[in-house]
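Think of it as A, B, C, D and E in the order they're written, each chain with its own count starting at 1.
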Amino acid sequence: MSETQTKHDFEPKIVAYVCNWCTYLGADLAGTNRLEYPPNIRILRLPCTGRIDFNLIVKAYEMGADAVLVSGCHPGDCHYTSGNYHARRRWMLFRVLLEGIGFDMRRVHFTWISAAEAKKFQEVVIDITEQTRALGPYGDFRKLLEAPVC
Amino acid sequence: MRIGVFTCWCGENIARHVDCQKVAEAIRNLLGVHCSVDYKYMCSDPGQSMIREQIRNGKLTGLVVAACSPHMHLKTFRKAAEAEGLNPYMVEMANVREHCAWVHHDREAATAKAIDIIRMAVAKVQQNRPLAAIRVPVTKRAMVIGGGVAGIQAALDIADAGFEVVLVERDPSIGGKMAGLSETFPTLDCSQCILTPRMVDVGQHPRIKLHTYSEVEAVNGYVGNFKVTVRKKARYVDITKCNGCGDCWNKCPQKKNLSEFDFGMGKRTAIYVPFPQAVPARPVIDREACTMLLKGKCGICAKKCTRGAINFEDQDQLITEDVGAIVAATGYKLCDIGKDEGRYKGYGEYGFGRYADVIDGLQFERIVSASGPTGGEIKRPSDGKTPKSVVFICCVGSRDDAKGCGYCSKICCMYVAKHTMLYKHKVHDGQAHVFYMDIRAGGKNYEEFVRRAIEQDGAEYHRGRVSRITEHNGQLIVRGVDTLVGEAMTIEADLVVLATAMRPADGVESLAQKLNIGYDEYGFLSESHPKLRPVETNTAGVLVCGACQAPKDIPESVAQASAAAAKVMMLFARDELTREPEVAEVNEQTCAACFSCVRGCPYKAIDEADITDRQGRLIKRTARVNPGLCMGCGTCVAICPSKSVDLAGFTEQQVYAMVESLV
Amino acid sequence: MLNDLRQTARQLLADKKVDVVIGYGQADPAGPAYPVFITRPEDTEQLVFNDRCYNNLTTFLTRKEIRAMGRAAVLVKGCDAKSVVVLAVESQIDRQSVVVIGMACNGVGQPSLAKCRTCDVHMPRHTDMVIGQAADHAIEAKDRYAELAEMMSKSASERLAYWGQELSRCVKCYACRQVCPMCYCERCVADKNQPQVIKTSATTMGNLAWQINRAFHLASRCVGCDECTRACPAGINLRLLNLMLAQATEEQFDYRPGMDKDAQPVLGCFSVKDKECFIK
Amino acid sequence: MQIGYYPGCALHGSSNDYERSVRVCLGRLGMELRELDDWVCCGATAAHSLNAKLATALPARNLAIAERDGIDQMLAPCPMCSMELIKAGQALAASDALRREMSEIVEQKVSGATGVLNLIQVFQQIGLERIQKAVVQPLSQTKAACYYGCLLVRPPEQLRFDDCENPTSMETIIKALGAEAIDWNYKTECCGAGMTMCNEDTVLDLAHKILTDVAAHGANCVVVACPMCHVNLDMKQADVERRYGVTHRMPIYYLSDLVGMAMGASGAEMGVDRHYVVA
Amino acid sequence: MRPSSEAVDMLAHTHVTDCYQCGKCSAGCPVGERMDVLPNQLVRLVQSGNFRRAMDCEAIWLCVSCQTCSARCPKSVNCAGVLDALRQLAVENNVINAAARRTIVFQQVFLNNIRRNGRLNELELVGVFKSKAFLKDASVPLLFKDSLLAPKMITRGKFHLMGEKVKDRALVGRIFERCFAEGPRGHK
């Protein structure tokens, strides 16, 4: 019945940096509502999307993540009034850089998920997991990780 | 480190899908883990006792509880640790219930994930440092900004509770809009009769310091410790010498100035008391109207004043007040529909400002008020005739996205009904017409009141808007429609009263910026939560009440003012505030002083600071966090290019340790 | 032009308006010019200005040793002048206490460097004076990013392969950081080790992490002087990384660093209207 | 000073008195009119009632000609033409797709950049001072009711040159001529405009209301800047009088008539003798 | 295009649902007194999908397109545009009452005139319209009334007897053809 019951050849590793006040609570609610999703995601709780430094995203891939999710409060709902607005602008530019160096943009995801959007949390996790599973391990990037310098 | 890891079964909740014993087993071998146990209910009394025992016996220095969401029980376990003398911030939770057992049914995968989640928590706790709650002293003195009915209520409540209050009012007298109203709905009791005693209470209260004719210039500090700079505008009258005898204003030759209190319906002198019951009952000189101040000629008031209270050399003064909490009660104004102003477009079709007999609701209040320019006799402005036919138009500027504001001003339906009644009570052979779109009379005795206006006092209500007002031989021709009948209609009126939209008072945006609180697109101040925190703002220690937050009538403003006062008293009930220690801190040695963090901080909690040597010479500049203001979002951490800011509780060390544990 | 320059410098020193003039000297007329720090009026004869004056001298304004010399005057080309604006906005210099001598410039290098071919500030802006007159060059905005467009026409994996290849040659000598006027941090994030933000291991990933940091820290700050690219001993075209963010900054925020001295910086601020089509 | 000129059908037909007036008046003020080469009808109400695309295409054809010939500003004395041109211009400027489509339909590149002005705006460009200086016979006996009608001020989103509820730009010009401008109620009420042919009842009724209000406020003439207003108030005035049994005898002038006569032109020169109601 | 409130929205570039029935449009309408259905009621009919009544009323043909309703609407509903749209839909759906007939004939005659000449030939317009309208509706007074004015107009030089024609009439023809290519309304 569920996705997780089927065995797959490749189980992607997904790292999620989420805001404590919206997406983390949305994930809590998904739990309370028993909304099942694949177990590939590892959630790191941070106070606010404003706290999420781009280096953390790079670090996640360095640690072998196949995809990264960054998620926080919808615009206007930030617990700290504007942390998510700062984050949004930063990500917009950071994505440009990632894209420019040829990073596979299908492996980095940004969402707004509120404390009430348990269903959306579930759907996002299912989507990302399936998509990443279809993409396979990020071999191109692994190569860089291991390639010694000349 | 000696870390204890406690994995909870949560009865069946976790254990059903996660093999808790296997988890405990796997964790036991991690570096730094002293003990790892699993138990049926960690949050239960026996569960907590077991944890406390382990802390004691195992001399644990860090704790991970793998159970439910930290939003559920982190506080519980931190308290338990604290009771054993372990710093509460050395406790972390691993969420293996909501984020694992409840959402994954593959026992093997869920168990593996649970182990990962706990490993992250263990990695984090290894980097945790004991933190001490931040204690800040509280200055038990409040400031109320705005001396209308809301501000008066808040000030009196706080002062009566035994705390000092500084009340700042922009106008020369307190009283606000309510002081100028005639009678109030739905009881038709006299507005001044109920308000002026309260004004006197304020004026005489031993714990209320009143700054009238003053404005807030700057706000510094944070909850419990605000420093507010107040500009006391030059009044040109020394109110400590003046006894309010009236010799000055009675003799002032400049008598033709429009009275602000009468909304331009009456006149006043250049030196004036806004209205007889003003508090303080001391005059002020209008520097735009006084010929002495403008041209150096006249000075009659000074000659007449036996107490030498007139001082033409008076200057604005800046004073600083230390307060622990601030209540904003700056109230409203009516939309000036005569002219374009930003998003508000003038209503040229209604001829407001062009036809003398088209007036707004507050002007009508003055015309029917016993203390008004006509002594309570209803006379129209153009020729003083008693109007035999009056048209009242609702929703002028309100509910009008094209020209005014999209919101409903809430009080107009009621005061228009009141106006028709007051009019009928004074002009028995007169006819009141009302053009309305919907009648919104939700409130105790409100609907009954409107029905009385229609049924007993014979006001003619027409459902529809007015399109145009023209004037012919001193008669106003009102072209409207009754959509219920389905017919356009024309009414010849002697007077037209527009129920214009309520807007926040002028300058409220700049005040909001000084207070660092939010405001909506119209300028209404934002509450922290529309339902559960209706008088708090997103800045701790700053509260809002009255019509500056949204259109409100008197009972609502007063209720909100008392609520704000209660919040202030809660704050003042303690000698010091404790705040979460999870705040940012700057490494001043490595800070490059680019001040991006200063720009980015949502709370203006970071300042530019100088580091000097003993001789006071500048060594370097740095950013510095004010822990009293910091709310711990960490935006500065991400902004800082050299990573010279860190956030306690979510330090770079902690977060990197967590990510690295995922290998 | 040269006479004007020397005369101006001499006067500034003689009148004690400044303590040091940061300019260009040149030993071999065929070789590149190098930075000189003139403190005596009589030494101003050493000053030169020609198409071999590559350095962005503003980078010295924030150096401790130079600050210790006292008040400075600095020679800037049009591109360098922009970094003065950014440094002032970022509180690194007190603009009032630096004399900025703008030099009209028709481009440096033979053939001209890439930045000069798309330059629209041959006459420096926001300076205290400008010496000389540059020829008129009409540049369309799209030309500035033409080089980038070519790279972006490749597929993502081709780009990643390209940068993997390029960055495998990086030796983390930090010359790019050293010459950059915007890299003024006292302790660079690359040197932070608790935690270690940037991997130090000798793999391409570590180099990539460093270059991502360098480029992103310059996002909406880099004025495009291209000194990093010129200084790179491995010949990595770092300019391309900077262009990516410069183009995005211009397109999204209509902002070019250092062009308008009163404009609000782009990062550390936000607008509620910022685009977010990439956020689900 | 030269400016483009789009007369429109009315000014080359039954309202040629208006064209004459505009030409003579602006000529005296040193404004040279360069008539748009081979212009076509703007389509008027009929086009936007029956075929939305045509309602943009016909004005687009004219705008394309203007662009081709380097005309960046153009006078359209008829407010109907003026509004159709402005609406099409704004639509073109706002949409890439529409520019492409229209360029194909009219077989010429069109961007919608040409500025379209009504008569009042042209006077504003010339400047009040210059007009004032040119006045040799101040109109001290004239008490004019300035009548804007609908399309000079509406829709306000498209025509932003004056307050749509209480416009005053014509009054300002009239006062500069030494005339008195009376305040009255109907200056932006409609006269029936295009209904002259198919709904005469309405037109006569509206014209009657307007003329009555003019008289009640003590004006001795009406000033218009629209050929349709002129037809409805001047040519139809006798019908109004007959139908409502009243005598108005109210002369209706074009704005340019009064400016011209104040500058010393004779009534005949301005074409005033061709009006139905003679002062 | 079948009648639907979306169709009206599209034709009128507006949002009919925004209307909250304040009636300001009807209050200010110069011909409101003559209308059988008021403008606000027409918008309501569109909102509730009752197109038959909306298209079949006289009011839409009495509208003088003066834009007063749109200009004053507090919700910025383009009411005049809605009436325009209703007229177009009425023609398309062949809901032609007596009030409609004259106007439609006039407008068609007008456009044909332009299609042929590029500019309006007024004498031809009056002539053709009066005779055509008479054939359809005997209440239209034939030529007579305006022909009383005509001699006066001619003496005043107010008519070009021959009318003007543009040079590139072929292009005008092609423009018309292209605009009518996708149906009488200019769109599918």
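Everything below uses one rule, namely that contacts are C-beta pairs under 8 Å (C-beta built on N, C-alpha and C of every residue); 3 or more make two chains touch, one makes a residue touch a chain.
Bear in mind that the values here come from a model prediction, so they are computed numbers and not experimental data.
Listing every chain that touches chain A and chain D alike gives B.
Here the chain-to-chain distance from chain A to chain E, counted in touching steps, is 2.
Look at the CA centroids: the one farthest from the centroid of chain E belongs to C. Distance from the chain C centre to the chain D centre is 59 Å, each centre being the mean of its Cα atoms.
One simple way to say how far apart two chains are is to compare their mean CA positions; for chain B and chain E this gives 54 Å.
Chain C and chain E have Cα centroids lying 65 Å from one another. Shared interface positions of chain C, defined as residues touching 2 or more other chains, are 189, 197, 267-269. Of all residues in chain B, those touching 2 or more other chains are 349, 600, 639, 643, 656, listed in ascending order. Annotation for chain D: residues touching 2 or more other chains are 164.
Touching pairs of chains, sorted by label, consist of A-B, A-C, B-C, B-D, B-E, D-E. Interface residues of chain D, counted against chain B in their complex, comprise 163-166, 185-186, 213, 216.
On the side of chain C, the complex with chain B involves touching residues 90-92, 184-189, 192, 194-197, 217, 265, 267-269. Of all residues in chain B, those touching chain E in their complex are 349, 395, 399-404, 437, 463-468, 479-483, 486-489. The touching residues of chain A, counted against chain B in their complex, run 2, 4-5, 13, 15, 24-25, 27-32, 34-39, 42-48, 50-54, 56, 59-60, 63-65, 78-83, 86-87, 90, 122.
Interface of chain B with chain D (complex): residues 346-349, 351, 354, 470-472, 477.
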